[in-house]
Amino acid sequence: MWHFFHQLASPRYFYRFAGRILPWLGAACLLLMLAGLYQGLLVAPTDYQQGDSYRIMFIHVPAAWMSLFVYVVMAVSGAVGLVWRIKLAEIVAVASAPIGASFTFLALVTGAIWGKPTWGTWWVWDARLTSELILLFLYLGVIALNSAIEDKRTAARATSVLALVGVVNIPIIHYSVEWWNTLHQGATVTKFDVPSIDLRMLIPLLLMALAFKLFYLVVVLMRARCEILQRERNTGWVRELVEAP
Amino acid sequence: MSSAQLNRAFVVLLKRDLTLAFRRRSEMVNPLLFFVLVTTLFPLGVGADPALLRSIGPGIIWVAALLAALLSLESVLRSDFEDGSLEQLMLSAHPLSVLMLAKVLAHWLVTGLPLLLVAPLLGLLLGLSGDAIVTLVQTLALGTPVLSLVGTIGVALTVGLRKGGMILSLLVLPLYIPVLIFAADAVTSTGAGLPVTAQLSLLSALLVLALSLTPAATAAALKISLA
Amino acid sequence: MSSAQLNRAFVVLLKRDLTLAFRRRSEMVNPLLFFVLVTTLFPLGVGADPALLRSIGPGIIWVAALLAALLSLESVLRSDFEDGSLEQLMLSAHPLSVLMLAKVLAHWLVTGLPLLLVAPLLGLLLGLSGDAIVTLVQTLALGTPVLSLVGTIGVALTVGLRKGGMILSLLVLPLYIPVLIFAADAVTSTGAGLPVTAQLSLLSALLVLALSLTPAATAAALKISLA
Amino acid sequence: MNTDTDKPRLEASSLCCIRDDRTLFADLGFRLHGGQALLVEGRNGSGKTSLLRILCGIRMPDEGRVSWNGEDIFRLGGDYHACTAYVGHRDGVKLDLTARENLAVARGLGAPSETPLEDALEAVGLSGFDDAPVRNLSAGQQRRLALARLLVTRSKLWILDEPFTSLDRHGITVIETLVTQHLADNGMLVATSHHAVDLRDADIQRINLSA
Amino acid sequence: MNTDTDKPRLEASSLCCIRDDRTLFADLGFRLHGGQALLVEGRNGSGKTSLLRILCGIRMPDEGRVSWNGEDIFRLGGDYHACTAYVGHRDGVKLDLTARENLAVARGLGAPSETPLEDALEAVGLSGFDDAPVRNLSAGQQRRLALARLLVTRSKLWILDEPFTSLDRHGITVIETLVTQHLADNGMLVATSHHAVDLRDADIQRINLSA
């Protein structure tokens, strides 16, 4: 087992391993996504309060979950890269940032679209909304730093430090925003709690959540493979790969 | 290295930075002027209604303080980087994190402390009550060191880049948000006659946290940027 | 030099600057992000009360636009100064003022225009009405070119100095005040259902004035800084 | 444009330059005709660059005047600049543009010559590097590109500050050949160089600022 | 501090340095004892500065390791830095402080030696300039001040990147004497220089990176 991980950390081995499992992961992701969408859009019942507009939930909620999840993955792999100097971990951290930012953006947009029919406004300065917005800024900072540093290795390491600092701050930001909001605002329209969710809604939600996770995995593996090729473009094995028919 | 030597290194560096700041006095007032200028822009932008100004005053002053801290931050490390002194600090026998703490302290004494002194004036201009002004100064005293500490990580990450300025803001501003929230809220609450111990203790907690965690992060970031 | 050649020089320089900006795309979004970030700081500082935010929204957005313009300004001339291209521009056969106009235009297209595009979003965040948002975009369209034009004089004066950033703000911010006042007032008035032709014509007048006067001033300032 | 450009003449009289209250040189004068070269010599910090920038019209002399065909260069302004090309300590090339794009800009800003851009690149030994971003060229190649600018505008007077910086032996020969050619075409040269300059049998004046 | 400093030993094995995916050097190794000097040679851009920065511990080698008395220098950290002094391309002096203040800072940050600051200034030929802000010193004098740092801390290993930049003939002799003295005291030297270095009959190793 340990041997397997050790091997996996070598870029060359990882490149081939990821290449082999990618099609399977992609297929699984597609299947889950189709199943989730089918269940969510066609099988799940209409909500008695919100009508059909709630169905955007099947995108919104998984995207919002992923936005946090990816940040944590990014910070953890950044930390691993910094402490044990594993190149692969740095690469995963760097490759995750744009994906996480996209999920965050998606959550914001779908949330806003959902907000219009439910609350009558695109945006309120609610705690959760605000912290999601700040999360987007954190992601963008990471991406900006990474593209500003020309040396790829330095960039990856600097990015990892920033991601770590950010992850320490995420809970602080989260609670401060929550607290700010309860102090400033009276009762808000933004009560997310869905007391007891219908099973026919829960299943597609979970399906979609799983599909999103797989989607992230697929994209991060693809991006990491690209990055590896670029970084190692002068090594023998990449040359062989390129020259091979 | 003995801890007496470490202490001495800390003091030497602190004194060095303060001397340097003093020799360039005219640049010292810049963050202060910026702070005042930005604060005065708002009444021009939102209109002069006193009640309105009073209610947004704390937020405005704090946002201006944030921006002033941000813009003065570059100077913490930039000139040391350019003349090669930063390499020398890295190669000193002492932990880089402690040396960075000395530099941050110097930066705060030169740019943060003056904000405390001029803030009451701005508070008066925006019609804050006496109590609110006291809280304003308290929050600045607790909050601006956090800004300096956290911001220095960002500077350390970007010190080798040509166009540091704008990227620095992107990295650092989101991290400043908790300070902004607690501090501005404390001042507003005082204005409304509410107790503010909670906010002040939260700010103190942030300060302690920043003091204990950021120097190491800054040192790590610097080692990466200089390599 | 014939005026055809002058036209060609203008286009060549404009195209050069746009190409350069495009080659460093990732830096292009920075002013935009800064604009959005600063705007979102305010609700966090002053509280989330929608009515309050609506009333101060125009002022906030405009102050943020001012600061974003300010911070992006350095890049107009700094890199040309550092690699020696600025000398070459001075020594070209064409009037420096016209060349500067090309550079300012490029700067505005790259940093000012995007603000126009994202401003409606910020307007929505702060709860401005549809009409107010339209006026907001109009004022930005008239006002941000003035910011670029006037700011470039400041950059030209400080381009040779090491610590340009902070001094630049002190020079330039006071000059920005008229734009801020008219523009923010126009947006606020629209929100209150009042006519705004007066403000918009004043802004247009400022724009014409800036277009006709600032290029010469920038050229003169540059000649002084480079000597 | 001046009709007199066929027999150009650069004159300086009683020039004086003061920096930080140190007089770098005073009462300096010379007269240069088409086909002649002026080499400015002197220690580090003796004021060579300052003199060249005065001759370009970037800097005002603290005393004295510079004239081109008898007219003050500050009076002439753009008309003078149309006849001169300056390559300073800094290359003045944009690292994010390609070699060809850089030359196209230089040509667009001056009085264009007939030389195609490719020929100019070839003349300085950069053919094949047309479309690489200049950032990826070595320091010496960047210097060659800066010097290629001299060929894409119609300039009678070349003002070169340490043109041979970062050039290897071959690069130096190339530039010397270009300059000799330029002088033979009735052009003029003002240059500084810490290296010895071999301009064959050109008509050379020298000024030493350390003397 | 390490008790072994009396017979110090610097070892590097299979060092490799890659910049922008160009391998500057690979599989480089050497062993240096007290009293020995290592001169690193090579063309511009061949990686001399990069090697020195790796030996200082500023930069991680892409492969290989550097050890001091048998221990990895990254493990040793501050203990290694206490034994080394580095003067790089950039002087690392603050222009707004006086010469003496600069030295005082350097001493405060390292392991102080017994040499009084005045003696260190005198040794590099700067006596009389103690209290002038460094901004008013010439480039060569600033370089001397940077080198005076070597004397105010107890460092066994001196790492000097182009120490003779901007020094005049006399300055070079002064520094050569200091280095010879340091080697005679069982010190060690790693240096790059485009000039020939005259260390009399010291024990010298050479590495050429362009080879």
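Per-chain residue numbering starts at 1, and chain names A, B, C, D and E are given in the order in which the chains are listed.
Just so we're on the same page, a contact is a pair of C-beta atoms (placed from the backbone, for glycine too) under 8 Å apart; a residue touches a chain by one contact, two chains touch by 3 or more.
Everything numeric here is computed off the predicted structure, so don't read it as measured data.
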(message) Please identify the chain with the largest separation between its CA centroid and the CA centroid of chain B.
(response) D
(message) Which two chains have the greatest number of C-beta pairs in contact?
(response) B-C
(request) Please report how far chain D has to rotate so that its Cα atoms sit on those of chain E, a copy of the same sequence, as a value between 0 and 180° in steps of 5. (result) 180
(request) Would you kindly tell me how far, in whole Å, the mean C-alpha position of chain D lies from that of chain B? (result) 48
(message) Can you compute the centre-to-centre distance for chain A and chain D, using the mean CA position of each chain? Integer Å is fine.
(response) 56
(request) Indicate the whole-number Å distance between the mean C-alpha point of chain A and the mean C-alpha point of chain C. (result) 35
(message) Two-or-more-chain contact residues of chain E, please, as numbers and ranges.
(response) none
(request) Name the residues of chain C that each touch 2 or more other chains. (result) 27, 30, 33, 37, 44, 47
(request) Identify all positions of chain A at which a residue touches two or more other chains, and write them in rising order. (result) 134, 137, 140, 144, 148, 177, 180, 184
(request) Could you pull out which chain D residues touch chain C in their complex? (result) 1, 53, 56-60, 78-79, 81-82, 84-86, 88-97, 101, 104-106, 108-111, 133, 149
(request) In the complex, go through chain C and note every residue touching chain A. (result) 26-27, 29-30, 33, 37, 40, 43-44, 47-50, 53, 124-125, 127
(message) So in the complex, the part of chain B that touches chain E is made up of which residues?
(response) 1, 5, 8-9, 11-13, 16, 19-20, 23-24, 82-85, 87-95, 99, 226-227
(message) If we count contacts the way the header does, which residues on chain A are in touch with chain B in the complex?
(response) 82, 134, 137-138, 140-141, 144-145, 148-149, 154, 157-158, 161-162, 164-166, 168-169, 172-173, 176-177, 179-180, 183-184
(request) Mind listing the chain B positions that touch chain A in their complex? (result) 150, 153, 157-158, 160-161, 163, 167, 170-171, 173-175, 177-178, 181-182, 185, 189, 202, 206, 213, 217, 220-221, 224-225, 227
